[in-house]
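In this document, chain identifiers A, B, C, D and E correspond to the written order of the chains, with residue numbering beginning at 1 in each.
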Amino acid sequence: MGGPRFIKNQVYGWLLLMPAATLLVAFTHYPAVATLLQSFFSSGTARRPSKFVGLDNYAYMLEDPVFWKVLTNNLWYAVGTIPTSVAIAILMALWVNERLPLRGVVRMAYFTPTVLPMIAVANIWLFFYSPDIGLLDQVTRVFGFHSQNWLGDPDTVLACIIVMTVWKEAGFFMIFYLAALQSLPHELEEAGRLEGASRWYFFWRVTFPLLMPTTLFVLINAVINSFKLVDHLFILTKGGPDNASSLLLYYIYEVAFSFFDQSYASTLTVVLLLLLALIAVGKFTALDKRIHYR
Amino acid sequence: KTELTMYYPVAVGGPLTEVVDKLVADFEAENPDIDVNAIYAGNYNDARIKALAALKSGEPAQLAVMFSIDIYELIEQDAIIAFDDIVSSEEDKAWLKGFYPALMENGITDDKTWGIPFQRSTIVMYYNKDAFREAGLDPENPPQTWDELASMGKKLVKKAGDGTVERWGAMIPSTGYPYWMFGALTKQNGQVLMSGDGATTFFDAPATIEALEYWKGLGSEMGVMPEGTIEWGTLRQNFLEGKTAIMWHSTGNLTAVKDNASFDFGVAMLPSKVSRGTPTGGGNFYIFKDTSEAEQQAALKLIKFLTQPERTAEWSIKTGYIGTRPDAYETDKLKNYVVEFPPAAVARDQLEFATAELSTYQTGRVRKLLDDAIQAALTGSKSPTEALTEAQKAADGLLRRYR
Amino acid sequence: MSAVRNTPGRWLEIIGAWMVAVLWLLPLVYAFWAAFHPPEYATRFDLLAPLTLENFATAWSQAPFGRYFVNTFLLVTMILIAQLFLCTLAAYAFARYDFWGKNLAFALVLLQLMIMPEVLIVENYRTMSNLGLVDSILAIGLPYMASAFGIFLLRQTFKTIPKELEDAARIEGCSEISILWRVFVPLAKPTYIAFGLVSISHHWNNFLWPLIITNSVSTRPLTVGLAIFGAPESGVDWSIITAGTLLAVAPLLVAFLLFQRQFVQSFMHAGIK
Amino acid sequence: MSRIEVQSLVKEWSGQRAVDNLSFVVEEGSFTVLLGPSGCGKSTTLRMIAGLEDVTGGRVMIGERDVTNLDAAQRNLAMVFQSYALFPHLSVAENIVFGLKVRKVKRVEREQRLQRVAEIVGLEGYLERKPAQLSGGQRQRVALARAIIAEYPVCLMDEPLSNLDAKLRGEMRAEIRGLQRKLGITMVYVTHDQTEAMSMADQVVLLRDGRCEQIGTPDTLYNRPQTAFAARFLGLPPMNLLRLSRTANGTGIVGLGDQGAISFEADEGWHLGLRPEDIEFCDEGVPARVTAIDYLGADSVVSLEIGGQGLAVRTAGHSNLKLGEAVHIGWNPTAAHLFDAQGVRAAVS
Amino acid sequence: MSRIEVQSLVKEWSGQRAVDNLSFVVEEGSFTVLLGPSGCGKSTTLRMIAGLEDVTGGRVMIGERDVTNLDAAQRNLAMVFQSYALFPHLSVAENIVFGLKVRKVKRVEREQRLQRVAEIVGLEGYLERKPAQLSGGQRQRVALARAIIAEYPVCLMDEPLSNLDAKLRGEMRAEIRGLQRKLGITMVYVTHDQTEAMSMADQVVLLRDGRCEQIGTPDTLYNRPQTAFAARFLGLPPMNLLRLSRTANGTGIVGLGDQGAISFEADEGWHLGLRPEDIEFCDEGVPARVTAIDYLGADSVVSLEIGGQGLAVRTAGHSNLKLGEAVHIGWNPTAAHLFDAQGVRAAVS
């Protein structure tokens, strides 16, 4: 303790960290705290200055049916996107990790959604989902189904959003799985083959457990995405009909920038932060496990 | 040199940005001492957000075309000035009086004029004459009343052998601006949606509820329209593809429809129940408060330039929007155009029955309340009565403090 | 590797893999269809439909794509450079120095993995407007420059670099910073590439925050431009929208096609798994 | 039943022959070592026997069966990989019984066999650990146990000891050899370590560039190497090879003139092979000069320069020679090896 | 100028002493080996000399300078690491001149020195390659070259050969030793391989648990080990230690009764040390039974059982003994070592 190296560690450590830390504090930690504070004040306009209102905003939130609606939507959205995109990602990774005719093309196909901006492809999906003239309807009509108002029906609209999200995410997650698969020693698979393990058995007994760290990482990303991926709503539905496809972050945007109610937006943001904090706790334990795993 | 930044929205089809750019270029040519930076800012909502955001960030625009109904929000934010305060000359005052009064309704409150009509519309009924003929209806005689709309609509529906619908009778869009379409229906039923001071709404009035029931009925009971919501943005495409025989849409789409329709189509006033009726719609010019005297005058100059009869006529022809002033229709250009293409006058003629578009304090929220209620009713998750009563209650809660 | 013999089940899988690939490509395929055919074929599929480049011309003339390109390019480059610089320094501190409060600091950094700038749009907007930065490309980039993901990734990589290399450099007379520059940075190249690609594709595609913080053509990135250009309110014209979309994604798509092998490999070397 | 016969085996990698027409027989219950320098095709051969690699040509027979086209799983053999290939997420016990589970062996029987095998390899106390918690030698034992428990008559090992330190390597050598004898396993064992080959094998197959250089017992390979390559590959320090040439009077070591004359016939370009331990210092004989002395405790290696060629001599204990000293050396004629210009062993005549 | 003096060096890791009051001197231009089992503190000591590790106590002097608190970069010494620590992203040439570049040596001079050093280590043809494209021995040479080019008088090496195969190791040993002599470098060399220590060192520092067990020339360590630990640590197979006990008639090897009587005095719990190569088979003498024979080519190791204790004997070439055969052994009394109950060398009386 206290040797020359000790001093050096302190000085260099903090100096190197400083630039990044400043920005992090300015755009992550400070705003998080400020959001919390703002949620105890009313929104001000030029004519009515903002004032301390205690928990009023929270009370309003609890009574706000739209809030509850978007919260449940968001939970369903998470439930709908996470397992599906992860499962598809694993499947894709397994496929393109093996010898497969046209493997390069297939791998590229899986990955393209990652490169396409959500906001741009949303218009194309709008075409897919359009009643009567849309691709989906054109295809289902061939099979004798009635035209379906995919985005105009509260029963189907969220599912449509989910499908598009899965399409967007799966290929991205696939890359992580692919990297993990390729780093698994080839000999393990050979040992399995010598023992006569079927592909199915080997996947469940060996590959899948060994992919667990990746799965945790991907899962957490999927959860975060399910709270932050709202770009397509701007084009596809604007959260409608009757908020059937609205998500928390989209609602925050609406409240803040359409209704100009910064305080209520902050209140909603606090809820979002709390949800993410919960996930964060999960994430750290997961990361711990990961390290322990090596 | 004075520099002006102007935001403007587009909410209908066609290459409108080119038209605006050209008009602005003309202005600059005529006024070399003024530079205009016209920024297309998306839909009406986006345009308002952008303009106000710019305002707050200290790099404000000097003027903007924004929703005619943004007026209360803008006043509340203390963002705009009234034209009465900058208009001095008699000539200017006369100019101010030269617009269709119906179009001025949304721009005036507290006896002051805050917005000058620019891309203004009413809702009109586009219909596919070929489809009318095919259904054995008189293509020159579109539906005049709610009942006719229902009955003719039913005849216009075309089904394939297996029962799938190949063409619908009519479509009224219910995303984007559902409250606007609804404003037409209520007006036709003899009811307006809000009071003149923007502090009271009439969402649960019996006539309002009845209007929504009719709208919903077109889909669920009469089978004239598909159930669920109908997308504002793709509706024109549906119409052009022949997937619906009738659509209600902004007259701002007229030119885009005209340019792309591969069939014979007509335009008519909306049908009536108690009377005919439509809200006006579209965007007004606003001038922002945080501008210098010189800039204000330059902005005024620009606005005046763009509302000259000649330009107004040109604008109307290129888009389908209403010529905002009677004198525009006196120009040869527009006169000839109307003769050769009568639908161009329908929206203007309908002004006679027009009312102001829904506009209140807290307008974003209030509008969303009504939008949600309409969509809830149309998609069947709530009954019209239930949906509208709830919306009214919530609106009352929001507006109480403004009374 | 001995051939896994092709059983019927295996063929089913191959076909499955292809079908998913087709599904996944569908939006892009449609974009090509609609963009290269006249508008009347946008929603109708006819093999004999005539080809045209008209839509691209129209799209190009209707929105200042050129400007949007430049904006996005500036934005992405600026963010990337800043990220690489800041994250390198921070990751080096975390990987190689034992300073007081290190664990707490690291936890605070990781917090950003959860609380991304997307979530804090309201407050960050306020901050930007206090700084007078609203409607600037810098403002779009600032909240992302200290990337927790980047710090985390680089730290992991730095930690895998053998201590002996650092020792060797030290024996050879390197100072702290020249160790970083001469040993760590070059050795972490795959990580830089992988992170760079993720960052580029993320910010090339990012929408919500730029939408909020930009007001004008001179700052608006492609995504926001596209959203405004293709806003359904103005009546969806798929031919032109898809043409615009293709214009917008082309550079990234081409880059990805060219570099996909390196990309995947970098991912593996970088230990992003 | 478990005799292995490799017939004219060929393996090509994109046109390059990694294994080139290789044939040998491993008798039932015997221990055969595939020996050779890095890249000579040892692993490839082993993997073809295991069925992990397709053959380009030739056949592999196990017992009476032609297994060339069978899946690895159907060949009934066990294999130990160089890096052990233990499943990191499974406990030692689970790793060992992995194959039994795959083959749906009953739980009770699994347990019994596990106990027995764990005892044999001395892992009783470690069954619950994960591989990461074991030392190198213990991991090696788990891999062994996994190979043994199947009770297959054939076992293949690919450099199983190369990751261990010298001491452990010595212990494991004895252990593997003991087990193989005890269980009567037919073993094919790959290594590039000559000590392993010498001390474990019943038969050594020495490979070079995918071809067989020599097959025989360790004794044969050491004492009657068929080629100069084989001669140099075994023994440490390796056998000295002295260039010969014809002199006026017969044959002699290059560079020594008449003093290097030797008593037997050889052609230009031939080599005389002498193992370091077979050379003695004597008062008369071939003259040489001391260039280095390495004291190794039990013995020393003296490096000599003889007619411009280098030569290593092993002597017991300390050497009392000095650097630069002139000495004379000699050897027992029976200890001399002779290789022709192609490096093939020639008779000493 | 480059004499190294280590004075009462101490290093603690969270309270644990890894190096415990260690002192020794390395004379200028001499070759000192730090030898000891894994974990005994060799690397830690070396790293403290290099300045890569803070000392907990004691001093390091190089020449007349106290360098204890200087940075590694300021100590003017070179170091070669176990895994070579070559920079994988740099070519061979860039690796070698890395330090010169850091110290801003001019380009022309760099080139000259590079050429000279590349020649010394025989890497002329490889300068453009990346380390990954080199064999182990070549990499080792690059590491050497990097250490030499600085022309520092002191060089430290931490197990530089342990990643190489046996043959290469032998060659590199000679090479390093040769270079050190030629350039007059003061060398501190860490290894746990006794062969390296024996064949290279002028002086060996044998460590055990962070303390110095014995310092001396290889000869001294081998022939007069001061402790049983030192005796067992050097030699392969290691020295045999036979338990002794007092018998009615004096002293004897445990388990042999009268037949194990030996001619000198020893107490209960003492050990008799005999190197395997010092034991001979004879017609009369101590009786034993053959339990194993390992043929290693040049010699064989015969394992015996004697009075319940194990004993290894080294014989030249083949042994014609058979397993289980009863034999008799003897040894020259001067070859016997004696250790007391504490394992400390005792005089044979």
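Just so it is clear, a contact is a pair of C-beta atoms (placed from the backbone, for glycine too) under 8 Å apart; a residue touches a chain by one contact, two chains touch by 3 or more.
Computed from a prediction, not measured in an experiment: that's the story for all the values here.
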item	value
Chains in simultaneous contact with subunit A and subunit B	C
Subunit B to subunit E, fewest steps along touching chains	2
Closest chain to the centre of mass proxy, which here is the mean CA position	C
Chain-chain pair with the highest tally of contacting C-beta pairs	A-C
Subunit A and subunit D: spacing of chain centres that average the CA atoms, whole Å	56
Interchain centroid distance [CA atoms averaged], subunit B/subunit C, Å	39
Cα-centroid distance, subunit B relative to subunit D, in whole angstrom	90
Sequence positions of subunit A contacting 2 or more other chains	126, 130, 133, 257
Multi-chain contact residues (two or more partners), subunit D	51-52, 71-72
Shared-contact residues (touching 2 or more other chains) in subunit C	1, 42-43, 125, 212, 227, 231-232, 236, 238
Subunit C partner contacts - residues on subunit A that touch it in the complex	6, 8-10, 12-17, 19-24, 26-32, 34-35, 38, 88, 91-92, 95-96, 98-102, 104-121, 123-128, 130, 133-135, 138, 167, 170-171, 175-180, 182-183, 186, 213-214, 217, 224, 227-228, 230-231, 234-235, 249, 252-253, 256-257, 262, 265-266, 269, 272-273, 276-277, 279-280, 283-284
Residue ranges of subunit B touching subunit A (in the complex, touch as defined)	45, 49, 52-53, 73, 76-79, 162-165, 168, 174-176, 226-231, 233-234, 237-238, 241, 243, 362, 364-365, 368, 371-373, 375-376, 378-379, 381
Footprint of subunit A on subunit C - complex, ascending	1, 4, 13-14, 16-18, 20-28, 30-31, 34, 42-43, 45, 85-87, 89-90, 92-94, 97-100, 102, 105, 107-127, 142-143, 145-146, 148, 151, 176, 201, 204-205, 207-208, 211-212, 222-224, 226-227, 230-232, 236, 238, 241-242, 244-245, 248-249, 252-253, 256-257, 260, 264, 267-268, 270-273
Parts of subunit C lying in touch with subunit E, wherever the complex brings them together	162, 164-165, 167-175, 178, 182-183, 186-187, 189
Contacting residues of subunit D [partner subunit A, same complex]	50-52, 71-74, 77-79, 81, 83, 85, 87-89, 98-99, 102-103, 132, 146, 150
